[in-house]
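Next come two complexes, and both contain chain A; in the first it sits with chain B, in the second with chain C.
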Partner chain A sequence: MTYITKPAVRHPALEKNALGLTRRDYEGAMSTLCAGCGHDSITASIIQAFFELAIPPHRAAKLSGIGCSSKATAYFMNEAHGFNGVHGRMPAIATGANAANRDLVYIGISGDGDSLSIGLGQLCHAIRRNVNMLYVLENNGVYGLTKGQFSASADVGTVSKRGEVNRHGPIDPVSLALTVGATFVARSFSGDRKQLVPILKAGLTHRGFAIVDVISPCVTFNDHEGSTKSYAHTRTHSYEVVQTDFVPLMTEITAEQDRDDVTAVTMHDGSTVMFRSVAEDYDPTDRDAALSFLRASQAKGEVATGLLYLEDSSEDMHAFENTVDRPLVDVPFGDLCPGSATLEELQKEWR
Partner chain B sequence: MHPTDVSNPDYYHKVVDCQWACPAHTNVPEYIRLIAQGRYTDSYLLNRESNVFPGILGRTCDRPCEPACRRGRLEGEGPVAICRLKRVAADLRGDITDSLPKIPEKKNGKRVALIGAGPASLTVANDLMPLGYECVLYEKHGKLGGLMRTNIPAFRLPPAVLDEEIAMIMDMGVELHLNTPIESLKELLDDGGFDAVFVGTGAPRGKNLELPGRYDSDKIYIGIDWLESVAFEHLDSIEERVLVIGAGNTAMDCCRTSKRLGGTDVKVMARKPRDLFKASDWELEDAEGEEIEILENHSPVDFVVEDGVLKGMHFDIVEWHEGEDGRLASETLETIFLPCEAIILAIGQENAFPWIERGIGIDFNSWDMPIVDRTTHQSTRPGVFFGGDSAWGPENIIWAVEHGHQAAVSVHNHCQGVPLSERPPFGMNLVSQKMGMHEWSYSNDYDPENRTPMQYADLEERLKELNVEAELGYNLEETVREVQRCLNCDIQTDFTPVLCIECDACIDVCPLDCLTITDNGDEADLRGRLTAAAVNGDQDIYVSDALPQTKRVMVKDEDLCVHCGLCAERCPTAAWDMRRFELYIPYAGQPWPTTISTAPTTSL
Partner chain C sequence: MANDDIDRANDFALKIGTVNGTGSTSANAMLMQVIFRMGVPVSGKNLFPSNIQGLPTWYEIRVNKHGHLARTPDFDVMVAMNAETYARDIEEVVSGGYVIYDSTHPLDEELMRDDVTFFGVPFAKMCLERFKGARVRILMKNIAYVGTLAALLDMDVDLIREMLAEKFASKPKLIDSNMQAISLGYDYARENFECPLPVRMEPMDATSDSVILTGNTAAALGCVYAGATVGAWYPITPATSIMDAFKEFCGRFRKDPETGKNLYCIVQAEDELAAIGIVIGASWCGARAFTNTSGPGLSLMNEFLGLAYYAEVPAVVFDVQRAGPSTGMPTRTQQGDLFTVVYASHGDTKHIALFPADPEECFYFAVSAFDIAERFQTPVFVVSDLDIGMNDWMVPRLEWDEDYTPDRGKVLTAKDLEAMEVFHRYEDVDGDGIPYRTLPGVHAKGAYFTRGSGHDRYGRYTEDTEAYKDVVDRIARKIESAAAAVPEPEVRMAIDAPFGLVTIGACRGAVLEALEQLEADDIEISYMRVRGFPFHPSVGQFINDHEITFVVEQNRDGQLLKLLTVETGASKDKMTSVKYYGGFSLSAHHVVQGVTEALERAGRVPAGKV
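Our next item is the complex of A and B:
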C-alpha cells in the first residue's frame, strides 16, 4: 500500500466519454493490495471498460465476498453501489440484488478461493439462474491472504513458493461454467489489457451471466519459477484462441471487422461482438466443441484465452421468473404485498 | 527509438525544467527543499555556487525558470515562485563568512584585468580569486555593481543587499580602481602586464528616438541615463505629467521611479500590442499596481515643444496586421496629442566600444560589434574575453553571471596553456531516495495549492520614498505554503528494465498518464500511441531497453510527471526508483563544485 493517495491532478488532454466523464472519474480508493498484484491491473481494465461504455457510476453495483480479489471492488467507481458479503456468498447476494433491481449494472468480483472452494455451489447456481451480471474471477492459484497455500485452481505440478508440489487436480472455472450452462464464458490475463477490456465490455453488455476467468498473478506468493500462474509462465503458455472486439451500438463497423473470417454476434441491446478465431476451426458458439478444445489444450499445459463461448439469445433470471419489466424496488409496496385480505381471497380457491 | 541514455547528464537535467532553463543552471528544487527544512544558509550557499548573487537575483532576476516550471503546464496553477523563494533564503540566512571560498595566500602569478564592475566581471573574480589569480577591477563610476546599481531602482533592490553581495567578492582581495574608465584598450593590453583581459562593460548606451522636436527641450531623457542620475542622486524630482516611451523592463523601472519623484500622471506608451511587450508580465503588473497607465498601439510621431517648453507628444493610434511576409505592419487609425511635462525614452540599449582601438587584433562585425565566440567568450585576440551585455547585447543579470562563469573557465585555460575548447564536462549523480517501504526522503504528495501572491508595502508609503522596498517578501507562512508547491522534478523516476515484470501497476497508478508499455517504434509514432499522446515536443520521452518478458519497451513522457513517486511505490520489483539527480556543474579550476550540499535524508 502507499502512504499518499493518488493525486487528483490529471492530464489536461484526458478523453471524455458520452457522459462527459473521464477515466479518472471511474477510479476508487487507493489499492491496499501488494504492489504489482494482477488484481490491480484488472481493476484498471474494469475502470476502462465502464468508462468506455459510459455507464453512469451510480447505476452500477459492485459485489464481492472475501479474499484479496474481493477487496478490489473498493478500488474502482467510488460513486457506485457496493456490497462486500460473506466468503463465497457473493452470487446469492448478487442474485437477490438483481431480483430487486434489474435496472442496475451488476459486477461481481471474486477469486479462485471465493468461487471455487467455499463458494463453488453458489457460483454454479448463479450460472444456472443466468443472473444478469458480469462475474470476474481473479484467478491466481493461491490463497494470498493466508500466505500462499494452493487453491482449488492450482495446476497439478505447480510449485509453491516454499517448494511444495501440488498434486490435486484443478477445478477449471471455464470448463465448469460451460458444463453448468453458462451463456458467456471467457478467459483472459491481467497483463493483456488489449484483450481483457473488450471482453469486459462485452460481458457487461451481455444479458445473463457473463463469467470471465482472469489469470491474475499473485506477485507475492505465486510469481516464482515453477509456478504455472506467474507473469512469465502465463505469458509463455497462454495463447489467444479467439480475438474479440466489442462494437457499441451506433458505431460504424469498419472494413477490418467485416472480414470473412470474422463472426459478428449482435447483442440484445444492438451492439455487436466481433470474433476472429485464431485457432483453426474453433467455433465460440459451439459449447461441446469448446469444451473438448479446452480439455485438449489443458492437457498440453496451455492456457486458452479469449471469449471462448457466447450465447446471447438465452433467457436471463427475470425471463425465467416472468417478472415485470419495472424493477421491483420501484413497484409500490401495496402491489408487491397486497395484504392479508387478498391472501384470504387467494386461499379460498384451494378450500 | 534507441533506448534513452540516462547516464548523459543532459537527459535528467532537462527533466528539471527550471534548472535547464536557468542560464546558470541553479539547482532550484534542492534549494527549495533546503528552505523547506529551514536551512536558509545552506540554501543560500547552494544558490551562490551557481548564481553568485542570490539576494540580488531573488529580487530582480528575469526568472527564465518560472515560465519553464512544470507546474505552469498543469491547468490553472501558475509556476512555483522560484525567484521569491530565493529571496527568502537570502533574507533569512545566517553568517556565511566561513563558508565562502578560501583565497590562497600564495598567488599563481597570473594577473587578470576586469573592465566594468557589473555582474559578469564580479563573477569572473568570484571564480578566479580562489584559484590564486590576481584580479584587477576597473570601474568608471564611483560605486560597484554596474547596471544593477545604476538601472535597478532602490525600491526593487535595496542598496544594502547589493553592497553585501558585492563585498563578498571584493573581500576576496580584488584590486579595485573606482572612477577609472578605460580610455584605451590598447594601452591596457600593452602596458598593463595582464595575462588576460575580461570586458564586462555592459550595454551602456540608451537608444535615442530621432523625431521632430527631440532636441528642443531638456525634459526629454534617455531612460538608462536618467535612472543612473537618480541612482547617483544627481536628480531627485520629475514633473507631474510624465510619458515613458517603450514597454521593456527599463520602461517599467522608469515609470515606477517617476511615481516616486513627483510624477502624478505617469503613462507608459507602447507601439506594439501587450502580448508583444518586452517587459515581463510581473513587471507590468507591478507598474499597474502603482496606478500607472500602460497604453498599447501608440506610435510616437513628434515631440511638441513651444518656446522651449515641452508640451506633450503626438501619437499615431495604430492597428497591427500580419503581412504576407509574416511580418507585422501597422496601419494608422488616428493621431492624438497627449500633454506632458517630461518624457523618458526607454526603447532599448546597445553596446558601445569607443575605447577599443581597431587594429589591435579584435575584429568587429558589420554592426560594429566585436566578434566573440559563443562558447569560449574569447574575442579574435587571444586573451581578451567578453561577457554580460557587452558580449552580444542586452540580456539580464543571470545571463551575465553565466557568461562570467564561462569566461572564467576560458581565462583559466588560457592562463594555464590549456586549449579553450577543452572545457570541463558536466557530471551527475543519482541517489535513491527510498527511506522505507513507502517512504521517501522528500515530500512526494502533490499539493494542489495555487501560487502564493506577493504582499506589497502600502502604496502611499512606498510612493513617498525612493528606497522603500515595494515587495515585502514572503513571510514564514507564505514560504511554508509555497515550498510545498515544488514538484521536486530533480527526484527522478529511474527505471531498471531488467527488473520489470510488466505488471502494469505503475501505468495504472500514474495520475498524469505518463507511462506506457508498448512495442517500440520511431519517435513520432511512439509519441502518438502512448497512454496519453506526448504532444509537447520540447519534452523528451524516455524509452527503455527491451523488457525481459515480452521485449516491449517502457516509455515515459516526461512532460507532466509530478514526481509523486507512486510508480516506484507500486512497483513490486523496484524497477522504478525515485533517485535524486544532482548536476555537477564545472567551474574554472574545479571540475565539480567543492561544496556539494545535499539535503539530509529525513522527510519534512
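Our next item is the complex of A and C:
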C-alpha cells in the first residue's frame, strides 16, 4: 500500500541536517516489497544520501519505469514529485524533465529488466546525452513482478528457482556504461550501506549521468544456491576495488586526503571525492584500464565494487545544447515569443 | 485543354521532370517565385522519390487566376529533362499542350505526338559550351529551362534578375552565371519559337497579401510563437522539416541576449518512443514541448501516449501523414492516420486532434495545440500530411496577436499551494472534469506520484473498481468537453441543398474547386470541413440535415466516415464515401467524379448534367 503514510511523529533528539530536517523528512510511503528485499536497503541508503546532502525534498524529482525496483520511488521523499512511467522508458522522461528544468535534482530508479532489456537503448542514449541525474540500477538478475524469469544480467550457468539454467551471456551495466561513455560509473551491494551512501552522494553531486549498479538480491526468486545474485554469492564474490569517500563543499578536509594512497577528485561544485585503491594500481579516472580490469575480474567470477570510474569535468546535456543557465521553465513568455513585428519582417523572405 | 481560341492567361499547369540531386529544386522555386511576384496565384507540388540522387523527380506548378490551387493532373506544359521518363512525361500532356525537351540528343520518333507541340532546346550543349565544370553545367541546365519558360510563358525577366540579386547578394558571381543560364534558355526560345504561347502569364495583383510557405515551416513557427522550449524528435519523412525549421527559427529568435545561449533545447532522440517520452517529461516539468513525426513513429509512440492520456500530462504531437501502412510510400501523401491518432494506445483512450488544411492553419493550430494540451492536460495532435507539410502553398500573410497569452491551464503556484490545506492531483474540484496540477520543484505540498498504473482521485495507486472508474470516467468527460475548444468546422451552406459534403485537412482546395464545378452543373452541395476532434456537435447535425452527405478523404478505408458514424451518432446510411488514396494530392476531378458516380448510384443526377 504505497499510499499508506507513516506516522509523522518525530523524536525531538533526532539528528538534523543543514536544512534542519531529520532523516524522517526524507522518507516515503511504506514499502510493499517482500521482506528482506535488497531494494528496501537501497531505499534506506538513498534516504541517507539525500539527508546528508541536505537536498530540499521538493527540489528533487524521482523517476522510474516498471518493475519491483521502479516501485521504490514511492518509498522515499514524499515531498518530491515522482513519476512511475512506462517499462524501460524512464531515461526519456528524465531527459525531457531535465531539459525543461535543469535546477532539480533527478534520481532515476530502475532494474535490470527495465534497464538492460526493454530499456537498453534508452539507458545507452541517456548516457550519451550525459543527462545530469543519478541512475540507480537495482540489479537482481530476475523479473520479480512476473515471477522469476531470467533477466539480461543473469550470469551464464545461474540456476532459476524452478531449476532452469541460464545459457545467455549477461549484459554487465558497468562495462556497458563505460563503453558508451558514461562519466560516473559505480557498483555496489544493497547490503553495504557504508560503501553505497558515499557513492550515491557523489553521484547526486556529479554533473552528468551517474550510474550506480547495485546488486540487490531478490529474496523470493533469486536468493537460492546456484544463483549468482544471491546474498550469499554476492557477499563471497564481491570485493571493493576502490574505497570512496565523499566530502561535500565547505567541509574541512581531513588529514586523510594527504595520505599517499588517496586520490582526491574535485567535483564541479567544489565537493571532493576521495579514492583509495584497494586493488593494486587501480585508477578510477582511466576508462580503458577500468574496463580491462572489470573484464578480468568478471572472468574470474568476481564482482568488483566501488566508484569504478569518474570523469569529473564532463559536460552534460545542457552544455552540449548550449542552453541558458536558468531552467527553461523559468523563462518568461515575453522572452520566447518573437512578436508581430518580427513575424512581419520574416514574411518578407517568403515573397 | 490548351487551345489557341481560348484565353489561357494565368490559367494553366506545368510539370517539370528531372533527376533528383541535380539542383532542380532551386530552379523550380525560382519559377514559383516569379509567378507569385507577378501577382498571380500559384501552387507547387514536389513529387519526389525516397532517395537522395539519381531517381526521377517532378515538380508541378499550377497557375490559376481564380485561386484554385489544388493539384491538377492536366498539364499544359511539360519540361522533360529526364530521358528516363520521357515516355510517361510526354503522355501526361493534355492534347494541344507543349513539351520542352533537351534536344542535345534527338528525341525518339516513337515518343512524338501529333496533338502536342514539341520545343527542342539544346540545354546540355549550350551549357557545355558556356560553363566550366560538370556540376555547374548540370545545375545551369536547370536554370536555363527557367529562361525558356520565361520566354514561352511571358514571365518578367527583370523580376528574375531582381530575385537572383536578392538570393545571391553576397555572391555576385552567381548572379551573373545564373543570369547567363537564364539568357541561354530565353534567347534560344525567342529566336526559334513563337513567343509567348496562348498559355502565358499576365501581371495581376492577387498575391500582395500572401506568402509562400510549407506547412512544416508554418508549424515550426507556430511552436516558436507559442513559446515551446523543448522539441524532441526522431528523423522521419515528411515530418523532419518541422524540427529543421524550428531549429533555424530558434537560432534566429531564441538566443539569450546577454549570454547568447539557447532559450530552447532540441533533443534528437534515439527513436520515437524516446521522443514522445522526452516531450512528456518536459511537459510534466512545465515546459511547452512537442514532437514531430509520421505514421511509423506514431505507431511507436502509442504506449507513451496512453500514459500521457491517463496520467494527464500535456503533449503536442505533429503527425505529418504519409502513405501507409508500414513503411508505405514515405514521399507520398495520405490521410491514413485518423484512427491511429484519435484512439492511440491500448485500453480506452481518445485524443484531441486538430486538422489543418494548409500552412496558414498549421501556424495557428500549432499555437492552439499547446493551449488545448495544457488546458486539458492531455496529448493534442496536429494532423497534417505530406502535401501540406512539404509543398509550397500560397497562403494569406500570417498575423500575430500581441495580446495573446498562453493558456497554461490549471497549474497551481507556490502561493496557491501554501494557502491550501491539502492538494489532490486528480480531484474534479471545479466540476469540469479538469483537475489541478502542480509542477515539480514548486512546493512540497504539490508533490504527488504520476503513474500510468491504476490511481484514484487522490493520485494513490488503486485496484478498486469504483476508485478506478471515478478517474477514467472523469477523463472521458474531460476529453468530450474539448469538442468546444477545438476549431469549429468550416462551413459553406448552399441554400436548400439536399446534399452535404464533409471533408478534412488538405482536401479543402480540391473540394471547393469541385463544388464550383458541380454548382455550374446545378448540383448544389453544402460544405463542411471538420477541423477538430472530438467533433463539434454541429457535425452530426450537418449530416442529419442532408439527404446524402459525401465524405471526401484520402485513405482506402473511409476512416473519417467511420469516425463520423461512431463519434457523432449520425446515420451511416446517410453518408457515402468519396476516397482517393493513390499518394498524390487530391484533385477536383477526383471529387467531381466521386460525387457524380455516387449520385448516379443513388439515381439523383439531374438529366443531361455532368
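Here is the rule we go by: the second predicted complex is superposed on the first by the 322 of 351 C-alpha atoms of A that agree within 3 Å, B and C clash if a C-alpha of one lies under 4 Å from a C-alpha of the other, contacts with A are read in each partner's own complex, and residues count from 1 in each chain.
As a working rule, a residue touches a chain if its C-beta (ideal position, glycine included) is under 8 Å from a C-beta of that chain, and two chains touch if they have at least 3 such contacts.
The structure displayed is predicted, hence computed values, not measured ones.
Chemist: In the superposed arrangement, which partner chain does A:81 touch: chain B (first), chain C (second), both, or neither?
Modeler: A:81 sits against chain C, while chain B stays out of touch.
Chemist: Given the superposition on chain A, which partner contacts more residues in chain A: chain B or chain C?
Modeler: C
Chemist: Scan A:129 for contacts with chain B and chain C and give back first, second, both or neither.
Modeler: Second partner only, chain C.
Chemist: By the touch definition at the top of the document, which applies to A:35: first (chain B), second (chain C), both, or neither?
Modeler: In the superposition, A:35 touches chain B alone.
Chemist: Which partner chains sit in contact with A:340 here, chain B, chain C, both or neither? Use first/second/both/neither.
Modeler: In the superposition, A:340 touches chain C alone.
Chemist: Would you sort A:325 into first (chain B), second (chain C), both or neither based on which partner it touches?
Modeler: second
Chemist: May I ask you to decide whether A:12 touches chain B, chain C, both, or neither, giving the answer as first, second, both or neither?
Modeler: A:12: touches chain B, not chain C.
Chemist: Return first, second, both or neither, reflecting whether A:267 touches chain B, chain C, both chains, or no partner chain.
Modeler: A:267 contacts neither chain B nor chain C.
Chemist: Chain A residues touched by both chain B and chain C?
Modeler: After superposing on chain A, chain A residues 1-3 contact both chain B and chain C.
Chemist: Which chain C residues qualify as touching chain A in the complex?
Modeler: The touching residues are 36-37, 211-213, 221, 224-227, 229-230, 232, 253-254, 256, 259, 261-267, 269-271, 273-287, 289, 303-304, 307, 397-402, 404-406, 438-444, 446-453, 458, 460-461.
Chemist: Show me the residue ranges of chain A that touch chain C in the complex, using the header's touch definition.
Modeler: Touching chain C from chain A are residues 1-3, 56-59, 61, 63, 73-74, 78-86, 89, 91-101, 103-104, 121-122, 124-125, 129, 317-318, 321-325, 328-329, 331, 333, 335-340, 342-344, 346-347, 350-351.
Chemist: So in the complex, which bits of chain A are touching chain B?
Modeler: 1-4, 6-14, 24, 34-38, 40-41, 43-44, 190-191, 193, 217, 219-220, 223, 231-232, 235
Chemist: So in the complex, the part of chain B that touches chain A is made up of which residues?
Modeler: Within the complex, chain B touches chain A at residues 73-75, 438-439, 444-446, 448, 501-505, 507-509, 511-513, 532-533, 535, 549-550, 560, 562, 564, 566, 569-573.
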